[in-house]
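Please go over the structures that come below.
In what follows, chain A forms one complex with chain B and a second complex with chain C.
For the complex of A and B:
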């Protein structure tokens, strides 16, 4: 098919809607979804509950108090909600996507479905969008719960700009989930065994989560001269470190979220922040307007979306070449 | 357009250096049941997948109902029903839900679909278990559900890959009846199978595959004549002295083979049963059995592949 795909007739999206609907309803009604939701609530609720406890006792005025629910790490449990998400979202996405194509193959439904008037494009995209929609529903539900809890317990309504920032945060989390979903689907296309594909996806996640930060800093240390002479040198080394770290989707997500939820963020990296404040004469603690924050994290957002598209495209190419029979 | 629903010319499939399907020509006519036979790995499934546009074609051309499965796969798949070997359904859904999903993929309007699904389940005798989860279905029921999908689709051509493999004799019989039912409503059926005597009973024509090539093609009688030689085979069981000699003396008899235990296979150029009865009895023998032997596909198959192996 790939060789002739240029001249084939009919829309590649024929049948997309039924596939999407089926995947979406299958996921929502599956036991797996229940488990994942439970997982999310347990891991998400604790940081939020304890940070709410602390925020209630804060008396000094904070213009962005509401957003602190997401970012503050309580003393009792040094994990913020955002950090917990950084950790849980990949697991959710992998849980939804690791068997999406190979299970069809193993249950021998693939050749029957592909003998209906539908291109492989629509099947793969429908599965991806179905799982992404499921993820979006779960994350939105979680977001609403946190938001509602904040309203009840803090007793002050968030300002418009806080709502806007929090909503953008939700979109970024969904995009982050999309990246890991695409990764999980890629493995589900490559490996016929669902266990292998789950292992590979989880392995990659572990690598990025635990190993990559260490590797990145080791490489950065290697670049650093024995003695820094100018501030530019310090900055340059820090830049190398950031670039390396940003190869991990988790870093992109983390930076984008910090930029959105901590309006004081003006640059990423300690020295970069300091230098920027000095050179422009900005006060370190002063918040950026929303549009400036968006501009700041725009590269991170495009990075996440581009990563998602690239990985999905890879899955698509592998899938096109796959034999449908056992 | 001719009355062929499937036309393949020089159809070729290469897997690396192996020629899984080696430049075959194939015509399937409207409303006939056509059998693809051959040993494991002969290329039957590969041929079927190429006809459906589910695998790339390395060379040659196929035409299905006037459409090219490479460039117009959607048009082909809209009109052709396919039952893969060991077909699978979504276990967590009911039979009806499974068919509903297919109906949506086929863009059948919802109102229409419910009726078509009910009729299709009825026609394969699954109406009473239509709301059971497919996980509880036996192999035969899944196979029938696969036929129901084709019925619901109102396919013009049905392609069934080993539809009877793994079924018990009763289930096989039922399934073949359903395949005949498809033919009755004008569907052309292309099926592959190893159960030769069963295939023989439903197929109008067959093609014998060997090593990716079509070795023989035609009706069962034509193949028998080609492989086993022309003539009427009959089986004679009799007691008496020199029965074989008596049989050889009958006009038209070409060959008498001792089949053991007082039985002989006689091949003649015409129906010699009356003469055999007369001569055996008048020579003092007692005739216990006289049977007309239908050429059996099994025999054709076995003989052909024996000869092919000898030649190799």
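For the complex of A and C:
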């Protein structure tokens, strides 16, 4: 199906729907998906179960009690549901995306697919959207399980604001999964070997999850003056540190989720919060309205979505320039 | 030498014996022996229709104890005289050697007893010894109870919030102890309490011995909303039909009282970051005098601005209210959240403040601006599609 490179006609989305449906159904019926789902449920269920145990014993009035299911880290198991998600969503997304393109190469099915009236655009986008939809279904199911367990065990219905915040949290979670899915697909386009692409994607995840916080803090320490003279200096150094940390999608996700699920959040960073409540006359503990919380974390959400689009664009460019007839 | 020692021993023995004898009989003089009936006042005044108690002692000096029958003779007709010992009617007494027995003669004088002196004789008669005590009881008109009250500073000046303390000296000019009841009569809602001169306990009556005087303090508290003017308070003391009164005056001068509140009573508001928002405050004078030169001021978080319009009020009459606009501008870098701003109104000696809770919101313009980043990312994607697409 070679065409004139100068002549581009028709919609690039022709054939998107069949590719999407095929990918979606393949993922949902695959054994890998079952394993990943099990993995996610086990990882998510423990923090939720133990935080529910603890929340049931709380007697003080809390306007956002329902949201604490997601964020509270019980003493017995110091991992909150949100932290567990931050950890396992990349694994799930990488698991879904690391072999999406190169396995077609290896099975020599790519040229067969492309001989159909389907553009490469539609193939890559269809694969991406199919995996993203699978991820969304899994995460929505998990979210509904947590919500239902909360209703059942806490016995209080969530308020409208809490539902809105929890739903936004679900959307942010899906966007976070999309970033890692795009990364995994980029590697699956670059490398012909599925093992290499899986290793690279997991390596990047490990780098951002374990190594990057240390590197960021080391760089921040280098920026810091030997002696702090004013509170603003401390604040400036902390901001350098958080800008560096935000290069990691995990940090963006964590901050966005904290802003959504902890309505009391007004700023990120230890010193920023301390300074606000101590010298700037802020009343600590007063919750922000939902729209203000959204505005607070809007840069983080923007970063996640834009990152997902940019990485996907990179994968797209690489894929378009590749020779597929093998 | 031996003679000397014997002599000293003899002297010592005799001295010791004397001391022993004296110690054993401290009341009786050595060599005075006998039986006596003793009283402090053998001649007394009594009043008709009342009871007089006369204390008598039966003293035995150096006699062997024996019972003495007690009797009263010479009592006029209609008089009833009982002999009491330890509160009980007794007929005989028996003092030990060199001891005494205390007795009380209870004299019940009839109402129609005629003025004049009456002589009665109290007798104690034993088998070997006896004693007599003649008593003269004079019936006369006793001096009636009389009280006087004086104030050192009968007129005090102050504001409605001060308390007026008058030191009064009450003297009992009659011949017997009195319990004096204290009372005050003033305008409605004026409260008066009495305390002893330097005490802190509130009292309603005070005992004053005959011929003595005592200082009491009367503290008058006017109601807070009292108007300026002179208010008299009558302090009255009374005991057994005798009364005395003293008029004290409170000169109450007016005082202004500032109050600051929001116009609709709501002490919270919203403000957008970097934009000025005005709140309407109400300054009112709840006092009784005009307040001059009320200055407005405010304490807001760092980098915020606050202005008042008007900045000061020249004069505020009693019960007058004036509106003041407080224009608050949160700083450009303020983070969304709830902040405390306090507004104050100050005048000479008077101030009032109100704390506002201001919710700072952030404009959505910045949120929209960050969507541009997503738009740029999408442009990159569409550019790639246009360059490499549909292959």
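Everything below uses one rule, namely that the second predicted complex is superposed on the first by the 314 of 326 C-alpha atoms of A that agree within 3 Å, B and C clash if a C-alpha of one lies under 4 Å from a C-alpha of the other, contacts with A are read in each partner's own complex, and residues count from 1 in each chain.
Here is the rule we use: a residue touches a chain if its C-beta (ideal position, glycine included) is under 8 Å from a C-beta of that chain, and two chains touch if they have at least 3 such contacts.
All figures in this text were calculated on a predicted structure; none of them were measured in a lab.
Chain B and chain C, once both complexes are superposed via chain A, fit side by side. Contacts of A:246 after superposition on the shared chain: neither chain B nor chain C is touched. When the two complexes are overlaid on their common chain A, residue A:68 makes contact with neither chain B nor chain C. By the touch criterion stated above, A:299 is placed in contact with chain C alone, chain B being left untouched. Contacts of A:27 after superposition: neither chain B nor chain C is touched.
Within the superposed three-chain model, A:267 lies in touch with chain C and out of touch with chain B [touch as defined at top]. By the document's definition of touching, of the two partners only chain C reaches A:288; chain B does not.
Annotation for chain A, partner touching more residues between chain B and chain C: C. By the touch criterion defined above, A:18 lies against chain B but remains apart from chain C after alignment on the C-alpha atoms of chain A. Contacts of A:119 after superposition: both chain B and chain C are touched. The gap separating chain B from chain C at its narrowest, counted between C-alpha atoms of the superposed chains, is 7 angstrom. Overlap of the chain B and chain C interfaces on chain A comprises residues 3, 8-10, 119.
Across the complex, chain A meets chain C through its residues 3, 5, 8-10, 12, 119-121, 266-267, 276, 279-283, 286, 288-289, 291-292, 294-296, 298-299, 302-303, 305-307, 309-310, 312-313, 316-317, 320-321.
Chain C contributes residues 300-304, 334-341, 357, 359, 361-362, 364, 366-367, 370-371, 373-374, 376-378, 380-381, 384-385, 387-391 to its touches with chain A in the complex. Chain A contributes residues 1-4, 7-10, 14-15, 17-19, 21-22, 26, 107-109, 111-119, 323-326 to its touches with chain B in the complex. Listed in rising order, the residues of chain B touching chain A in the complex are 45, 49, 52-56, 70-75, 77-78, 80-84, 86-92, 101-102, 104-107, 146, 149.
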